[in-house]
Structures are given as structure tokens and as C-alpha cells.
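Below are structures written as C-alpha cells.
You will see subunit A twice below: alongside subunit B first, and alongside subunit C after that.
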Partner chain A sequence: MAERPEDLNLPNAVITRIIKEALPDGVNISKEARSAISRAASVFVLYATSCANNFAMKGKRKTLNASDVLSAMEEMEFQRFVTPLKEALEAYRREQKGKKEASEQKKKDKDKKTDSEEQDKSRDEDNDEDEERMEEEEQNEEEEVDN
Partner chain B sequence: MAAAATAGSGTPQEEEGPGGEAPASQAQAPTSATGARLSRLPLARVKALVKADPDVTLAGQEAIFILARAAELFVETIAKDAYCCAQQGKRKTLQRRDLDNAIEAVDEFAFLEGEFC
Partner chain C sequence: MADVVAGKDRCAEHRLVSLPLSRIRVIMKSSPEVSSINQEALVLTAKATELFVQYLATYSYRHGSGREKKALTYSDLANTAEESETFQFLADILPKKILASKYLKMLKEEKREDDDEEEENDNDDEHEDEAEP
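On to the complex of A and B.
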């Protein structure tokens, strides 16, 4: 294995923002500390994934699901994360439901639109051709008048 | 017309309640903090990390999302713990050693020991 998985880092800007919001105003963080936290977060995800995968395999499933991750949190002694994570999951599910309904609605609207748009386009093309002809005729008339 | 104008501007004369409520209606409310924080970390990167594990076959979207959210909580937690160490040293800048101290001091961070060389 040439590349260590820890090299997959999370974006620095986001990490910095999370850190700054967690700490009181006026507190700074050195570059080294920030990148160390970023790496720690990556390791955390990898470790949590591994734990969660154990639970999935116990349940004879091949796909990690939310409850596997929550069980992993308890296993890793991060029980204090479980409640806020459950709340976030609820909110996420609601949002996904809303998005799905919204996109289905958009799809219906789009289908209606494309039908009417095609009719409009053909009309517009005819109009353009007529206008060009009219302009040419006007120019001819002007020349005659000048002479 | 005058009545409509005052109703539109809506302000100093009509006080609907404590001053705090007026700005809250304009800015998105901080009360539902989870709404704003719903996924700060890009799910694609988290997914890449999850896939890096050779034992993992598939991971559901919800699992990825919770991992992202857990990582955020983890960052907050470790930052605060490291800050405690910095405070003891009367510093206002978090240094790498504050992190190392926090990792040694807190049992839950034991999995991080030896990761930073």
C-alpha cells in the first residue's frame, strides 16, 4: 500500500471553521495544531467505520447503516455523541424526504414546460424569418428614394 | 397612504416584544442550530475515507452523513479539550502540544496515540 488512508484529509477551511466556532472568541490555533486535528478527524472516521463495519457483519449485512455507526460510537466510548447524532439523523431524514418530494414536483413541472416550450420555439423561428425579409425590402425602398 | 407607509416600515413605534425578536425574524434563527449544521463536511470526502477500508463493502447515505456529523462533533470536542490545556499555560493560541496533551489525558482519544509521528 503506497498511500496511507490517513492522507485523505478533510478540507482545511471547514475544519478551521468548526474549531473556531467551538472555541471562545479571540482564541487562535496554530497551523500544526489545525492539521493535526484534521488528521485526527480522518483517523476518527476510519476507526468509526471499522467499528461500524463489525456491527454490520454481526448483523450479516454488507451495507453500513446509521444504527451501525451509532453502535460504533458507544463502542468507542463516545456515548455523548449518540443523542446529538440521533437528532441530526432525524433532521437529515426529514430533509431528504422534503428534497425527494420537491424534485419529484420539479420533474412534473419540467415535463409540462418542455412540451409548451417546443411549441413556442417553432413559432419564434417563423417570426425571425419574416422580420429579415421586411428589413431588406425597406433598404431597397430607401435607395430608390435617394436617387 | 400614510397608514400603509408606517405599516411597511414597521418599527420603532410598534414594539412587539423584547428587542431580540426583531432581528431573529430577519436572520435565520440560531435556535435550531442543527438546521444550519446539517452537513458542513463534504459527504464525498467522508465517503472516500469509508471506502478506504478494505473490509467495507457498502455504506448507506445515512451512515455517511452520521459519520460526517460525528467527525464534526469530534473536532469540536478535541478542540475544546486541547484549549483547556492551552488555558492552563495561559496562552490564547492552540499549539500542537496542547493536542498531544489532550490525547494523552482523555481515554476516549486513546486510538489517536501513535498516529502523529
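On to the complex of A and C.
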């Protein structure tokens, strides 16, 4: 939750980098202009959230999803963002799928190993299992925070 | 080992979006009517914010006065908020700067109007008093 007003600011270093990458080389951006863009970005997030939330409410859903955000962009007249956002979403989904498959593959390998080998190496495997449990716990934590 | 894996994940996210997702989530959740946000919506909002920053900067630079000087200034941004319909929602937080003398004059004029209104209100009050038994 936002406890201090500065919690609603975005990091200046990142904002500055994004601006610099967008403008031609050697353009000077005044300090005032940077902080103005940073404030504008926070307001943009709030505006987009509020629009997206209206779409979620229309759909009788409590959780904002990707299509709500895309609809919000059209409503806000930022249609130009829709195509790059859809591309980003696909890339994100591919990435998630890749992660999932990788962890499933790992589990399969481990099962095979346990089947074929006898118990004299059980000490090593105990360690492996502990590590995997830790990973899983971490993933669960992330999911909880996300919602 | 778990730490190393988590570190890699974070890097991968950064390639897609450079703004911190945690901060974006805090801003989104500061809106009271929002109950929960799924991860895809969060990533998309962060990405949209990056596109917005790029667009606001390039639009203001292109339409701004500082092109010959190779500079982007506050007044370029304030102009964008005033003149472009898409960026209209920023007008309140990017007000145009005016001279203090001009502002004082505006204040005086406003005060004169207020005084006039107050006088009218006073008259109304008197009428009400009279109407009471």
C-alpha cells in the first residue's frame, strides 16, 4: 500500500533513461521537464487503471486483466499503443510458458533418476529436494503478492 | 541455488519492461475501487506507461520550441497538455507558467467578482430574515 506520497512516484533514473532513448542523441532534458514527465506517468497509470477497472466492472469481474488494459488504451485514445502492447503480452506469455516447461522438465528428470537409482545416494537427493521446495515456496510468495 | 534462479527471472522481466512492477502495482492499488490486478494486466500497464513516457517526450519535443536548441523544457510539456486532445488529462498537473504580476492581476479580478457575489448573498440573507415571523 502507498503509505507516503513519494510511493506514488516512479524512479527518476528509469524515467530519464526511457526519455533519453526516445529522443535524438544530445537533446538536453531540463530537470523540471523530467519531473513533470514522471508525474505525468503516475497520473497515466491511475487514469489507465480507472478506465480498465470500468471495463472489469462491466464484465462483472473483480480482477483487472490484460483485455481490460487494452480496452482502456482505446478508450483513452492511445490506440497506437495497442499493437506494441499485444506484442509485449505475447512475449510475456511465451516467457511464462518457457519457465513452466523448464521446471516441469526438471521434475521429470528428477523422477527418472529416483526410479533408476538405489537408495545409497539418498543423502544427495534430499538436498536437491530441499532446494526445489525452497523454489516452490518462493514462487507461491510471488503469486500471493501479485493478487 | 534458489536465489540464482529468482535473479535470472527478474532479469528476464526487465528486458520486457524496465519500470518496477512493484511500484506500478502500488500506484494502481492506490485507486480505492480496484480490488485485484492479475500479473498480465500489471505487466501491460507498466509497458503502456513506458510507451506513454516515450510518446509524451517525442510529441512535446517535435511540437516544442527547443528543437533548434536541442532541448526539451517544461513549457514544451505544458503546451502539449494544453493543445493536444489526447494529453488533455495532464492539463491540471502540467499547468502553463505565467508571470507573477499577471497572476496577481487575475487574483484581484477574481476577488472583485467574489465580492460582488457576496454582496448579493448578503441581500438574500436580509430578505430571508424579513420573511421569518
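Quick note on the criterion: the second predicted complex is superposed on the first by the 95 of 147 C-alpha atoms of A that agree within 3 Å, B and C clash if a C-alpha of one lies under 4 Å from a C-alpha of the other, contacts with A are read in each partner's own complex, and residues count from 1 in each chain.
What we mean here is this: a contact is a pair of C-beta atoms (placed from the backbone, for glycine too) under 8 Å apart; a residue touches a chain by one contact, two chains touch by 3 or more.
Bear in mind the structure is a predicted one, so any value in this text is a computation, not a measurement.
Engineer: Quick one: on subunit A, after the overlay, do subunit B and subunit C clash, or do they fit? Just give me the call.
Structural biologist: clash
Engineer: A:E77 contacts which: subunit B (first), subunit C (second), both, neither?
Structural biologist: both
Engineer: Taking the superposition on A as described, I'd like to know which of subunit B and subunit C A:I18 touches: first, second, both or neither.
Structural biologist: both
Engineer: Once chain A of both complexes is superposed, is A:K99 in touch with subunit B (first), subunit C (second), both, or neither?
Structural biologist: second
Engineer: I'd like to check the shared interface: which positions of subunit A are touched by both subunit B and subunit C across the two complexes?
Structural biologist: 8, 10-11, 14-15, 17-19, 21-23, 26-30, 32-33, 36-37, 39-50, 52-53, 62-66, 68-70, 73, 76-78, 81, 84-85, 88-89, 91-93, 95
Engineer: In the complex, go through subunit A and note every residue touching subunit B.
Structural biologist: Residue list for subunit A touching subunit B: 5-6, 8, 10-11, 14-15, 17-19, 21-23, 26-30, 32-33, 36-37, 39-50, 52-53, 62-66, 68-70, 73, 76-78, 81, 84-85, 87-89, 91-93, 95-96.
Engineer: Any idea which subunit A residues touch subunit C in the complex?
Structural biologist: Touching subunit C: residues 1-2, 7-8, 10-11, 14-15, 17-19, 21-24, 26-30, 32-33, 36-37, 39-50, 52-53, 62-66, 68-70, 73, 76-78, 80-81, 84-85, 88-89, 91-93, 95, 99, 131, 134-135, 138, 146-147 of subunit A.
Engineer: Going by the contact rule at the top, pick out the subunit B residues touching subunit A in the complex.
Structural biologist: 34-35, 37-42, 45-46, 48-50, 52-53, 55-63, 65-67, 69-80, 82-83, 86, 92-96, 98-99, 103, 107-109, 111-112, 115-116
Engineer: List the residues on subunit C that touch subunit A in their complex, please.
Structural biologist: 1-2, 5-6, 9, 12, 16-20, 23-31, 33-45, 47-58, 61, 69-74, 76-78, 85-86, 89-90, 93-94
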